[in-house]
Amino acid sequence: MTTSSKDTGFEFQPYYGICTFGRAPHTRDLAGAEVAIVGVPYDGATSYRSGARFGPRAIREQSMLLWGYNNALGVSPFKTLQVIDYGDVDVVPVDVLATHTAINDEVSQIVQAGVKVIALGGDHSIALPLLRAHARQYGPLAVVHFDAHPDTWDTEFGERKYSHGTPFRRAIEEKLIDTSAYLQIGIRGPTSGKQDYADALALGARMITLDEAMGLGLAGILKEIKDRVQDKPLYITLDIDSIDPAFAPGTGTPEVGGFSSYQMLQLLRGLKGLNFVGGDLVEVSPSFDHSHITSILASNLVFEYLSLLALNKLKAE
Amino acid sequence: MTTSSKDTGFEFQPYYGICTFGRAPHTRDLAGAEVAIVGVPYDGATSYRSGARFGPRAIREQSMLLWGYNNALGVSPFKTLQVIDYGDVDVVPVDVLATHTAINDEVSQIVQAGVKVIALGGDHSIALPLLRAHARQYGPLAVVHFDAHPDTWDTEFGERKYSHGTPFRRAIEEKLIDTSAYLQIGIRGPTSGKQDYADALALGARMITLDEAMGLGLAGILKEIKDRVQDKPLYITLDIDSIDPAFAPGTGTPEVGGFSSYQMLQLLRGLKGLNFVGGDLVEVSPSFDHSHITSILASNLVFEYLSLLALNKLKAE
Amino acid sequence: MTTSSKDTGFEFQPYYGICTFGRAPHTRDLAGAEVAIVGVPYDGATSYRSGARFGPRAIREQSMLLWGYNNALGVSPFKTLQVIDYGDVDVVPVDVLATHTAINDEVSQIVQAGVKVIALGGDHSIALPLLRAHARQYGPLAVVHFDAHPDTWDTEFGERKYSHGTPFRRAIEEKLIDTSAYLQIGIRGPTSGKQDYADALALGARMITLDEAMGLGLAGILKEIKDRVQDKPLYITLDIDSIDPAFAPGTGTPEVGGFSSYQMLQLLRGLKGLNFVGGDLVEVSPSFDHSHITSILASNLVFEYLSLLALNKLKAE
Amino acid sequence: MTTSSKDTGFEFQPYYGICTFGRAPHTRDLAGAEVAIVGVPYDGATSYRSGARFGPRAIREQSMLLWGYNNALGVSPFKTLQVIDYGDVDVVPVDVLATHTAINDEVSQIVQAGVKVIALGGDHSIALPLLRAHARQYGPLAVVHFDAHPDTWDTEFGERKYSHGTPFRRAIEEKLIDTSAYLQIGIRGPTSGKQDYADALALGARMITLDEAMGLGLAGILKEIKDRVQDKPLYITLDIDSIDPAFAPGTGTPEVGGFSSYQMLQLLRGLKGLNFVGGDLVEVSPSFDHSHITSILASNLVFEYLSLLALNKLKAE
Amino acid sequence: MTTSSKDTGFEFQPYYGICTFGRAPHTRDLAGAEVAIVGVPYDGATSYRSGARFGPRAIREQSMLLWGYNNALGVSPFKTLQVIDYGDVDVVPVDVLATHTAINDEVSQIVQAGVKVIALGGDHSIALPLLRAHARQYGPLAVVHFDAHPDTWDTEFGERKYSHGTPFRRAIEEKLIDTSAYLQIGIRGPTSGKQDYADALALGARMITLDEAMGLGLAGILKEIKDRVQDKPLYITLDIDSIDPAFAPGTGTPEVGGFSSYQMLQLLRGLKGLNFVGGDLVEVSPSFDHSHITSILASNLVFEYLSLLALNKLKAE
Amino acid sequence: MTTSSKDTGFEFQPYYGICTFGRAPHTRDLAGAEVAIVGVPYDGATSYRSGARFGPRAIREQSMLLWGYNNALGVSPFKTLQVIDYGDVDVVPVDVLATHTAINDEVSQIVQAGVKVIALGGDHSIALPLLRAHARQYGPLAVVHFDAHPDTWDTEFGERKYSHGTPFRRAIEEKLIDTSAYLQIGIRGPTSGKQDYADALALGARMITLDEAMGLGLAGILKEIKDRVQDKPLYITLDIDSIDPAFAPGTGTPEVGGFSSYQMLQLLRGLKGLNFVGGDLVEVSPSFDHSHITSILASNLVFEYLSLLALNKLKAE
């Protein structure tokens, strides 16, 4: 037997057709679904370059290029899992709280139906309602948080509690995160002061700065993660700015000196076997991308998420 | 006597120096100032492409290319007037009401000091607090409103009263506008229904659609304006999307089939002699611009604003 | 009663949701459908810049910005008509004949079900199978052909009969076109020789070059069209390069000195009342576009197509 | 007889082959040549955005799209004339005077061999040595000068006499120009003062500002030109910024509110029959272009130059 | 003795002159030639983003920046070898078979004249006729194949045998490749199924996935190559997508997580001493490039090809 | 105590306000100043792509994103040091010598006032007058020179002594550099001949090519530097093309295969404790950048310069 393009789990060439994530059916019918891709086109809480509202659309478009089989992990997630593209949450640009409510309501309903959610941002402020929806279902969550920035400010834009610089402090305050299993990975760059890192540490985060990460190596980072996450329900939140702007220019607050895409792919694959219950990929901002390399990367990272879920299903069977 | 580049009111070449509008001094000291350029880097109320928060920065940068003398109107606004670049209002991306308050507070203080304000947006939602600040000083305003869209919805994003689709309805409700002297010019494109135009008309606007404008010609449009505005205090609000995307691609909700830059320059120059008390230029979104042609155009339109103010001063002397 | 964004025929903001044309349902079920939008992502017959295979995707994406009501024509096409987004024809990049067969088969089936087709190209070679599918249903067609180039070469790329420079000669040879009602409008620029225009005329085309068009004016052009088309079944084929590259840079063989978008919008609206049975919009090439202005324009032109069909339906009722 | 792409004076498709202007042979052998295309990749005298050194390369590349026959003028310039692509002058970025000498030496040699020169800039400072080379051969020249700026400053960059803002004053001082037949067309935008225009007028220029041009219309402008140029030897110098940035964004000092490409094509064609002896097209700056629309336009304008020369040859025969 | 820019084997600055590869003479006269650069501007067999037809043009343009001496390998290829730029093969966009014939005919003639060929693509489908032309001269070839994808599908686009996903299966079937010396290096990313890799292995390829490559290190990869290639006639085929999109965004089917340019330069240099008889560099797609970094990289990789050939000549002397 | 965005040394969000470097006050008053950022917008001596004149403006704009505290070095340079943004030197595009004089005069005055200078280029020719100004104050300088090219040609553009390819030869001839402490780091790519490297070595440079650097590792490179620089007054000159074009595309003569941004950040941080007296960062060319990643990187590298100076001050206290 030999292979041709018509054997692909992906029936058509990538230039063809309506863009849902990986050509998954676009439906709000949760019956039978195992994973839902959910777009959250909100960028109202951004501190530098806005535009991440178009992240979900761009990631969907470039996901046409995913051919279906993950050679590194040995799994076909779209065949193993019933994946749906749920579409977008109806966010409110002028109202961060209403947006949070809409995300929480919509995603809670999906999670409570036993469907895993992978959310496509949008700016990082959306992680808070996503964590709420997941913690309601799973209890306090282990969180692997890839980012250039800790996002644990107390307030931003003056005294505002809800922004893309504060979600993880809020989540910890709300006891959504099991801080014994909370890792921030890839942190780097200037901050407003020495206190930024100190605050994150005081909140209980295991911060692996980019500099420490380069010393630990991929295996070392993965050991740090596994030692903490163990078999706890794991939420992965991935800010695309954890990756270097050379590999992911399409983002709002780029920070030079980050991970390569190869490193990030290896990190995600290394999470194989953990009890991964949901996640997000945020801060893809297409108007700052070029030739779609950021959204192609993002769609591949989401494909790794799906592959992890598929492996877990196969293992459980 | 012959002229050289050193004779310019603009002492340096356009690639040189710190970017304030037209190299005006950057200061918050209003003493002696006659006109203040005020940036409003807010894009939180945008319905399509965000990014207008960088409008003020881009317009300032390209204003380096303004050489100082307006040949069409015969005036050197930077020599005739004491112009300052006041810098930006400290807006709050996640809070449209707090942003409105900040704009109103800051601009009211300038206006009440007898300094005229030209505001650089930012999305069109900022027009409401700008109108408040001016109406407090001048009473209900004649308003010449260049735009592709009426911006007179009652609500947007569900039931939100404050967005970039509603400011002129709010302003009329608040009696900031003298509707007998309110003109919407350049309106075109699809709307949510027949009612959109009907609503604007019911509010009292004289709507000159782009189609009507092409029939009236520049002189006809100007006559419509002058017949209504007369000697009332005039506020000009110019959404860059009134101009065709070929000439002004860098905007959030482009609408094809609009004015050329030549036509808009002529329209502004035609407002010579009216009692122009303040204005704004909004919706320049640099990440959608190319080669800065939109921000170059915007800086020239602001230069026409300043020229109108300078002529009025000379006439008054 | 006043209007807000929630009243729109378009329920959601343009940054929201899966991109079908104008949010029409994506289905291949023709029951009840009146108009089908059909993408044809083929660019294999292009003589200069390839890339038009992404035209349908880009036009769908920017159609999110269409708000639903056509103020110029006074009609809401998505409310008046049952519009579906049929998705794409499964073209074969390496095989122009197989592609033509696929187009003809797929579109014939739609047309024969009594559903009108608006096809989104793709390069202009696709017009031939589209004309075949329509002529089979309607007989020889009146054709209004907007283009910078006659596309009536006998062969291209050596002796190839099927390319994007030959479809209208083939169509005439196959008697798909009623040449007494065939107009080429907007023709300009260098050609391979004097014979190019002569050939088109010899085939029976009424060629209105861009230069003649500027002299005739919009009303004059429309009169030429109506005098010929009368009540014959009309197919409209619009190569986006009929419009000037300032307004439509995103195309494969740009030709300077063309129509403005305003002029093209007026021309299409002027076809109101003709017996319009089907059409295409071709040669949008997104990798040469900037800020999507070409695909925004294209989506508006398709909106005019739909509006013409809607008016015809209302008139017939 | 019918036409196909193989009949073209242009043997190959535009994506094919080494880029010389219009596929003219690249040679420095002047024997038999009638027109030489000469690149001048110098941008050292630019006051705003540098980059015009790549103008010749970009114009050559896009000239692949010229199909050979000028339908508006009824002539095939590459068949009528022996055109060569001479390649570039070896300019010296750090030394404007050495660059002028190199241009003058190289071009004088060509002109004196009886070969007409069309020079591709480069910034407008190169017009001075080009005028020297032509005036040596033809005596004082009639000059049609399309530009947004008069370029008749006395000095620039402090006291520098040679820059892209001064060439026409120098040329007049050196008696290279017959000022009774010198027209500046398209002038607009802010200048350093009222004196800029006054100086140009004092030097003898007939300045047709863009505003006056719009009033005169194309026929009126052409009459002004012909009344002055008569049968004098005519040099045409065309700064691409005479055209609006919507049509020609790829330039160094864009000035909004200019000619459309259609208007400029008509103006050049209107010079048919004048004693055109040489010309240049300057200030194309490809790094500010998009989708090559500026260099496509420039290559078409050069094609009109060649067509004028071809018609003159045919008339003389 | 000291060096200045005039000592360069490259007589002129990179902004100067007509663009042939490395300023090699453009000729079809093979007498005396040792290496011919041959462009193959065909992109008709592309599965995602078309545009590689402009690869040869862009690589030639950026090759102006190659200064002549290879410091890493200690050789001046343009001085050591008689290199010509043969120009392009006259491909047929609508006909992949005719294109293959044209490539085979043209290249066979060059190869049989004893001239080595470096082909610039175009999409990877062109490798098949290139291998045919070389195998006819040299017998079955050792092949080092850098790529993100195996390109060993049986069919693509339905049942098509000839596309850019199938050339190496065809070549093996036609016994053009000595499979004991065939290496695929850099393979990664999703495929249509597990069978894709299995098929390549079953055909006899030594596949070094990107993951394995990272483990082997550069020295390890080179050992794998040398152990297999030995002194067999070696053809190198390099798909630019073997390199990460951060370093080579300008390509049609980008695959994240690839080699850096440094790694690829080192790999090519490591092939020093092998019996390198011909090669290609394919899939450079300039409309997806930015600031030409992909074509600059490609021109440097071709420079390494030439340097390998030059070293072999020097060794043989 | 917890941190919020209002605690930042940077009072405002990065989209806010007039762009000086890191919001340092723009002043020419040197009283109290410890470090002056000085822009040098000169690109007249560039051999390939011009445009670096806009480097200072772009770096200032992106420096808004620097939050103030350097976590890697543990210092807040804007709090520790009195930093001013001096603005730009008034350069003369057409006159490299006058430009050098202007730089020398302006910078000497600053240096002699005891204020350290960090210059933002502009092309690398500006290093010569910068070295003059520093050597006058400090005597012959240790120089760490990061670059892809040695820049030690004797002449360029024919016989010109002053260009961006010659400054370090000139500086050595003028005894501005202590050649026992002169390192060139990152050198790579083709040169005009074998002599280029030989010349640099003959002048006394310790050249660490990129290849050697990869072998030495970061610690090895730093040891080489420290062994030579010791406690001599150190000038750092950083050509952004020392970094790979994937990370720094926005430059004039990109050379593939360079440092990553992470490596360069580490190298600069490794210079901690050396007697750093002044430096420059050159060759940032924004029109070739995308999404500002090059100018963001450059602003971070300047932030490292400032951090080194701040640490030295703290150590001295």
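Here the chain labels run A, B, C, D, E and F in written order, and each chain numbers its own residues starting at 1.
Convention: a residue touches a chain if its C-beta (ideal position, glycine included) is under 8 Å from a C-beta of that chain, and two chains touch if they have at least 3 such contacts.
Note that the structure is predicted; figures quoted are calculated from it, not measured.
Trainee: Spelling it out: a chain qualifies if it touches chain D and also touches chain F; which chains qualify?
Mentor: Both chain D and chain F are touched by B, E, going by the contact rule given at the top.
Trainee: With contacts defined as at the top, give the pair, B-F or C-E, that has more of them.
Mentor: Answer by contact count: C-E.
Trainee: Considering only mean CA positions as chain centres, point out the chain farthest from chain C.
Mentor: Centroid comparison gives F as the farthest chain from chain C.
Trainee: What chain lies farthest away from chain A once each centre is taken as the mean of the Cα atoms?
Mentor: D
Trainee: How many angstrom between the C-alpha centroids of chain D and chain C?
Mentor: 37
Trainee: Between chain A and chain C, what is the gap in Å from one C-alpha centre to the other?
Mentor: 40
Trainee: Among all residues of chain D, which ones touch two or more of the remaining chains?
Mentor: Only 13, 15, 47, 49, 53-54, 93, 157-158, 163, 244, 246-247, 288, 290 qualify.
Trainee: For each chain, which other chains does it touch, given as pairs?
Mentor: Taking the chains two at a time, the touching pairs are A-B, A-C, A-E, A-F, B-C, B-D, B-F, C-D, C-E, D-E, D-F, E-F.
Trainee: Where on chain E does chain C make contact in their complex?
Mentor: Going by the criterion above, the answer is residues 43-47, 49-51, 53-54, 92-96, 98, 157-158, 160, 162-163, 287-288.
Trainee: State the interface residues of chain D toward chain B in the complex, per the touch definition above.
Mentor: For this pair, the touching residues of chain D are 47-49, 153-159, 163, 165-166, 169, 188-199, 209-211, 214, 244-247, 249-250, 253-254, 256-258, 288-290.
Trainee: Hey, which residues of chain D end up touching chain E in the complex?
Mentor: Listed in rising order, the residues are 12-13, 15-20, 26, 39, 41, 53-54, 57, 60-61, 85, 87-88, 90-91, 93.
Trainee: In their complex, what parts of chain A are in touch with chain E?
Mentor: Of all residues in chain A, those touching chain E are 1-10, 13-15, 65-72, 74, 76, 244, 246-247, 260-262, 265, 290-293, 296-297, 300, 303.
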